[in-house]
Amino acid sequence: MHFLSDNAAPAHPRILNALVEMNAAHAPPYGADGLTQEAEKALERLFDADVRAFLVSTGTAANALALAALVKPHGAVLVHEEAHVNVDECGAPEFFTAGAKLIPLPGSHGKLAPETIEAALARFHHGEHQVLPQAVSISNPTEMGCLYGPEEVQALAEVAHRHGLKLHMDGARLANAVAALDCEADALVRGVDVLSLGSSKGGTIHAEAVIFFDTALAVDFPRMRKRAGQLMAKMRYPAAQLLEWLKDDLWLDLAAHANAMARLLAARLDDFAAIELAAPVQTNMVFAWMPRRLQVALGEEGALFHVWREEEERVMVRLACSWMTAEEEIEALASAVALHGG
Amino acid sequence: MHFLSDNAAPAHPRILNALVEMNAAHAPPYGADGLTQEAEKALERLFDADVRAFLVSTGTAANALALAALVKPHGAVLVHEEAHVNVDECGAPEFFTAGAKLIPLPGSHGKLAPETIEAALARFHHGEHQVLPQAVSISNPTEMGCLYGPEEVQALAEVAHRHGLKLHMDGARLANAVAALDCEADALVRGVDVLSLGSSKGGTIHAEAVIFFDTALAVDFPRMRKRAGQLMAKMRYPAAQLLEWLKDDLWLDLAAHANAMARLLAARLDDFAAIELAAPVQTNMVFAWMPRRLQVALGEEGALFHVWREEEERVMVRLACSWMTAEEEIEALASAVALHGG
Amino acid sequence: MHFLSDNAAPAHPRILNALVEMNAAHAPPYGADGLTQEAEKALERLFDADVRAFLVSTGTAANALALAALVKPHGAVLVHEEAHVNVDECGAPEFFTAGAKLIPLPGSHGKLAPETIEAALARFHHGEHQVLPQAVSISNPTEMGCLYGPEEVQALAEVAHRHGLKLHMDGARLANAVAALDCEADALVRGVDVLSLGSSKGGTIHAEAVIFFDTALAVDFPRMRKRAGQLMAKMRYPAAQLLEWLKDDLWLDLAAHANAMARLLAARLDDFAAIELAAPVQTNMVFAWMPRRLQVALGEEGALFHVWREEEERVMVRLACSWMTAEEEIEALASAVALHGG
Amino acid sequence: MHFLSDNAAPAHPRILNALVEMNAAHAPPYGADGLTQEAEKALERLFDADVRAFLVSTGTAANALALAALVKPHGAVLVHEEAHVNVDECGAPEFFTAGAKLIPLPGSHGKLAPETIEAALARFHHGEHQVLPQAVSISNPTEMGCLYGPEEVQALAEVAHRHGLKLHMDGARLANAVAALDCEADALVRGVDVLSLGSSKGGTIHAEAVIFFDTALAVDFPRMRKRAGQLMAKMRYPAAQLLEWLKDDLWLDLAAHANAMARLLAARLDDFAAIELAAPVQTNMVFAWMPRRLQVALGEEGALFHVWREEEERVMVRLACSWMTAEEEIEALASAVALHGG
């Protein structure tokens, strides 16, 4: 009953096989090798665009470096108040941007609405006394597992661009979004200027990419990445992972499985009167309110998951499914809930 | 004839096997797993001390984060003018320290002498008008492949500590130093406050560690690492690499081979009148002056190496040996030199 | 009818006289002169404590440097969401702290309540994934002109200290607070660790001070100030201003006048049905809602003031009184309001 | 016998008179007032160009902000190894640029030669592994009191611009340079992209300016200045000082006097066998070697000056003349030297 996080799952066996197979010859270090170039081409095909892609070692680095390419130290990024960049990265965006400001904004289930952006921007009219909004950052899916569809992304891009801001998308779980919406990847990033694409939560060891759709923004990025300690000498290993992950739609198959498991899990939990779903289940995560005593009992039964929010009597938990989640785990959890008076 | 860099070699097969074997179950992310804890214990045993070790993704990150733990933004680090941190990391130390200053100092073959440190410190007596020297950083072996023996390290530590500075060692190739000196690892870091230990150049994919011997210095490090985008979600994979690398002295065997190949290469090259060794060959790298036309000819024969310095008629080249360098490559190079009038 | 800001007033004539009188001899630069040392002693007497005081050139520098002395780059400062440091200093705190995070919190009329601090701190329990709250910053009076009394300050200090945080007070208008509360200056800063004391809004040209009550926090401050471009060569000139300002309670007399003028202004405005006071008038500023057409009409009559907030039909304006505000200006404004159907 | 520094002199009486006269009415804060705009126009006339000028509170802030406008965090500034920005500002340039690197270069009497710039740039060819040189910074006069003439400045500008770098001039004592060369101010800054113009050492209290000749570089400067705590609320007071200083060539008259006093001082000292001038005396500072026992004796006689460099038996001292230096002080010093066996 391992629902702690999708990054607690191991890598998919195909990823390891790919590493074993490519681990033979010398290759130029620091990304000048053939595999890294192939990976970049694969991303270009995927997004049907003249992109520039840069591999980095973590999702936090991808997000923070992406934002540092968009805003100046006296700039600001409009974000959802619960966005990973705002609450879960220990100030990495502030570090990489040399002190730019994140402006936290409200929105249901982690989503930002165009009107919220507009209203926030209207407060910035005091010239040099205020930081300069230069980017909007959204997560798709959001930290609550909810989705922006292609039209919603484009509506946000339209507002951002109209005001001279750039749009960043945190795609740590983009695979889950593309699989859930059953759309083309490129349709979902239309209007996005820079994407952080994650694969670690989706089945690789680690292979995160910063992808510039507006390639003019990438001109300083090689030095920014090196300076940030993110230019891996043996870049070909994450490159090989990314290539295998994208090959034959492995990434979408794994994400679709995780999404299906989450739907099944939500359906099972919804049957219990004591449990109330806290957000629409659109990707691979289930958020649910349950009595505190039930949460404790499930923990004692060995179920692993995060407590997301706490009230006096009840808690909101997050249950994450991964490419490796099995139906048996879900049935075991449902049984445990039933046992403890769900 | 691949002498470009030791990080151009692939990972040793045992490293990949270790990854394949551990790639099965779920594990808590962000270093809370068993393998990461085992790796930390292995480093503790290795250095016979109550260390605190933190894995990061690159040597540049290891160095820059280590220095950021030692100096304040208004601080300074005394370094060799040709040190990797000073010339080859695109300002990463300045970035991670929020703008501390590296004070470049001279020394033959990349080594700093205690008198040089003393003389440099004597220039800092203008109080708040000057930055505050807070650390000395040395590379062992140096960027020219030369060694500090245990007594030399301790002499530098003595000077640094007497003036209230900490000592950092860049151990990107520490394995080569330990193998060459045939000493215990802990003997070579006596007096060091923080070590960057690299394994990527020694046979892993990547598994770099920042190791605090003065553990009080590590109190802020977890947040500093996270904030720097260096807290890998699946930390257990580099941990597994590090464990395998240290197991049964694999790390020293691989380093000893690379060192032996460099000695052989130096001996072959030294036979040619046109070639002059530029530094003592103490580890796995050979620095040699040769006529520019010979360098060009060797390049055309397919030999890969770095040009380190250039004069009108001649160039200094760096030839790096790795765990995978074969005697045949060296003989092939020697033949090519002979062919082109070495 | 000049109600734009108290820093739009000129310096009090006594301040200029003091400068003319001291402007004769050589003196050691960078604060090593006698006047600067006298100013520090005067602040020590004023606050009845073993303080350390540092002069800087602006209130923004005072606040940002004070916060940089309290929090690390991975730290956080709890602030009111409308605090000057959060909305009006173009990210200076983020710059001087090397990217620490300001956590914006709600509260009526710019005031933070102890419970609000407690509740905010309860959200920081994810270890290295989150920034580390290290300080609370309050403005007294607040940006809405409201006061924390001595007990309220101490209650906040108690909460902050209990959780290991330091307390900073932005005292850009502290004179107005001390005059309004008719208390001793030291009573109002009990529990405060670092104070930014402003005099520019109170009658000097500029002479702002960062005052450490916890002097251990000041150990790095000389270098931090120099590095920030705030170590004025001719420090004796702001020092002389500060000395004259504090002499014979000039600072309190000027503040008391400004406060009295604000009370009078509020009383006059309150008589008009169209105008509604928006905050208690406790110091030298009046916040009032009025119809937009009235605001426009007053502007056309030559009245100067800030529009603080805007709604469709009405606006909230800020009217600031200074040491130079004359009753005639207030009566003129009242007449203008009457004329335009207040 | 006060030769410590030109910033130890008080302000010229005309400067104080100007402040007294303008200290009457309200004025918009933060530089939106008439005097600040006049000061900007005066600088435009002075430099015969479409400049943009920004007042700040110290020379260190002027230099550091100017450099921050020219280089990115991953950039580098080529400087003389003894430049004020490199050794006397406690890392302010590194702070304001978010960690850019100063590359220290040699040169006699503080001057950089075009060939030195060329040779340094030739070392930057490793792409993203190295910081990116984006500016050259020179001091005119240098920290040793020596001059670059107009042709020399233009030659440096030519090299810088040809390589895509900008040219910054630290003009903390530009008045002394213009007076000494008897040229037009604008002739001396031809080719310069950004100038830090100081007046504090030349007779004001403080009124330092950052002046952009390439106004496109100034686009972010208002926010950079505010964020750095350098947007003074009562900007009109330094503006009034600058206006008075420039009026009727007061600045050049004061500088010419200081220069003449330095020439006289040098002539007197040169008569003594025990004293050896250490640099050409081209502006207001005299550098001289003397026996250590003589330096001590002069100190005991009450002479104030800086010891610039120390050897076993002798020291190099710096004697600075100011607008207030009197012939009597120089004769008194000469007598003291004679008395002590000069």
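As written, the chains take the letters A, B, C and D, and residue 1 is the first residue of each chain.
One rule holds in what follows: a residue touches a chain if its C-beta (ideal position, glycine included) is under 8 Å from a C-beta of that chain, and two chains touch if they have at least 3 such contacts.
Remember, it's a predicted structure, so these values are computed and weren't measured experimentally.
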Checklist outcome for this item: The larger set of C-beta contacts, choosing between B-C and C-D, lies at C-D
Checklist outcome for this item: Per mean C-alpha coordinates, the chain lying farthest from subunit D is A
Checklist outcome for this item: Comparing contact pairs by residue number, the option in B-D, C-D or A-C matching A-B for over half of them is C-D
Next on the checklist: From the mean C-alpha coordinate of subunit A to that of subunit C, what's the distance rounded to whole Å?
Outcome noted: 42
Checklist entry - Which whole number of Å gives the spacing of the CA centres of subunit B and subunit C? => result 51
Next on the checklist: Distance between subunit C and subunit D based on Cα centroids, please, to the nearest Å.
Outcome noted: 34
Checklist outcome for this item: Multi-partner residues in subunit A (2 or more other chains touched) are 73-74, 89-91, 95, 98-99, 128-129, 131, 223, 226-227, 231
Checklist entry - For subunit A, which residues are in contact with subunit B within the complex? => result 2, 4-5, 7-11, 13, 16, 19-20, 23-29, 56-62, 64-65, 89-92, 95-96, 200-201, 205-206, 223, 226-234, 237, 304, 324
Checklist entry - Residues of subunit C touching subunit A in their complex? => result 73-74, 76, 87-91, 94-95, 97-102, 104, 126, 128-131
Next on the checklist: Per the contact definition, I'd like the list of subunit A residues that touch subunit D in the complex.
Outcome noted: 30, 72-74, 98-99, 127-129, 131-132, 220, 222-227, 231
